[in-house]
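One structure coming up, written as structure tokens, with questions to follow.
Chain nomenclature is as follows: A, B and C, assigned in order of appearance, with residue numbering initiated at 1 for each chain independently.
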Amino acid sequence: MAEPSVLLVADLAGTFAFALNGALTAIRAVHVDIVGVIALGLITAVGGGIIRDILLGALPPATFVDWRYLAVAAAGGLLAFWFSPMLGRFTRSIDVLDAAGLSLFAVTGAAKALDLGVGPVQAIILGAITGVGGGTIRDVLIQRVPGVLSSGLYAIPALAGAMVVVIVVSTSPADRVFEAPVALLGAGTCFLIRVLGLYYSLDAPKPPRTS
Amino acid sequence: MAEPSVLLVADLAGTFAFALNGALTAIRAVHVDIVGVIALGLITAVGGGIIRDILLGALPPATFVDWRYLAVAAAGGLLAFWFSPMLGRFTRSIDVLDAAGLSLFAVTGAAKALDLGVGPVQAIILGAITGVGGGTIRDVLIQRVPGVLSSGLYAIPALAGAMVVVIVVSTSPADRVFEAPVALLGAGTCFLIRVLGLYYSLDAPKPPRTS
Amino acid sequence: MAEPSVLLVADLAGTFAFALNGALTAIRAVHVDIVGVIALGLITAVGGGIIRDILLGALPPATFVDWRYLAVAAAGGLLAFWFSPMLGRFTRSIDVLDAAGLSLFAVTGAAKALDLGVGPVQAIILGAITGVGGGTIRDVLIQRVPGVLSSGLYAIPALAGAMVVVIVVSTSPADRVFEAPVALLGAGTCFLIRVLGLYYSLDAPKPPRTS
């Protein structure tokens, strides 16, 4: 593992970005009250990690047990609640923050899955789920088809970032290989694809339609 | 713990109220058949406890293992199935029963969470989830934005009742403090706020809107 | 247990049918991309078994750990992605394949639940959940009221097939009774009811309506 403090700060930053973005999305989509805004911010931020930990059997889930994740996520939700009209101006910056969160979650999720001994394919899937799971639950709760299933590049960068981590760790002879460089390489891959996808409005292929 | 028999009867009464109310809500909202009515009644009644037990890692979930909860919940669902047209007259009474169920679930949920050693904030959240989780899953299944996120006071009384339990138990020097008085105090707090909220149609604050 | 190889092949065939059918349903219902098609195929195929294993506390879930289920399910989803316009002609055959999957999942789900020591009622419910759970999650994700709650005979055949298994195994004096004949009897019961239901467009009873 990389130095705990670096990974932790990165993970908390991702949590904050996800909560802020998740709560703002909820406020714009449906009429929710303060309970709904904070709950949806929290779920967006920690939901993916909770699904991962349930599938790994690592219960109670880490992000639920550690009050720092809950506190940071609640702060993101509250900020969205109070300042949503003003935050409309920062959509671009929030998207970039969200891409950073996605990258970090995909990488730390895949690393945790490998640590707990699942196979490489499962670790890649769990990395992606850590990144996209929270937003998926939020979208279901606010009655939208989850964005990750239909448009933009969101799962693909997460899968790519997780795959980088899994390949490097699996093919490395050393014992303690999930060091900061691997994390950075994986997160950088995810971040780059995500931001390019946003910038050029790229979409994944769609199934052929009968005309 | 309070005398098991008192807590159990209270818990089963709450389960019945939740199943009845959950099934009636489903019947009014969508065209469901008998399978759907009973399934949605069951899910409303035991869903919150199941989410709590998953997050606590206390699997299999208590309400799923104990056939009495399933039987009482199925009875509530069947009653709703057969008598839904007649039950329209009792909306007010069913709302009060549902408030009682919410209060009991919030209190027993928080107490179980403390018992299993999670922190105070997590215990309060798990108490509230025990109360509101089942109805949330039901609302997702019948394609509604969960009421708990958008209108009325539903999560707030559950959080308040759970908080009372957590504060009293955490600050008490004695060992066996989750006695009947604590349970009653917590449940009474939740029940009072919920019923006042219903009576005066109170709502939680909404986020500011750009005009 | 029956010979592992027979059960395994049957289970993988069911997984493939569910993934194909689940992905086709998603393609027809909403605009999803390749990520969405494969994810929804996977979820339809392994979602029911995952819910069962969570409720049994048997984590990580078997269908998630075993790469063969993931591979077969992904293949079903990919096939749906590439050939969906052509597959429209085979709706009837796919429905029959899906009925076979439902039957196998109900039977293997109930048998696994009994193996892990839950009560007979819970084993029947878990058998049915194994069969209907994946499609239910898919329907929630694509914003439909789950078909299992509202129309056709889908949960009822699954419950019947699981019940046959539970009754035979519970009343049998022998030790190793979940042999191929029991599995076939249970699966045959489910398959027959499901196919008759499809053929005659049978529905479960609906709640009385106030006119």
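Assume a residue touches a chain if its C-beta (ideal position, glycine included) is under 8 Å from a C-beta of that chain, and two chains touch if they have at least 3 such contacts.
In this text the structure is predicted, and so the values were computed from the model without any measurement.
When the partners of chain B are compared with those of chain C, the chains appearing in both lists are A. Copies chain A and chain C of the same chain sequence form an interface built mainly from non-equivalent positions, shared numbers / all numbers used being under half.
For the pair chain A and chain C, the distance between C-alpha centroids works out to 30 Å.
Residues of chain B in contact with at least two other chains: 54, 59, 140, 143. Those residues of chain C lying in contact with chain B across their complex are 54-57, 59, 118-119, 121-122, 125, 136, 140, 143-146, 148-151, 154-156, 203-210. Here chain B touches chain C in the complex through residues 26-27, 30-37, 39-40, 50, 54, 59-61, 64-65, 67, 70, 80-82, 84-85, 88, 140-143, going by the rule given at the top.
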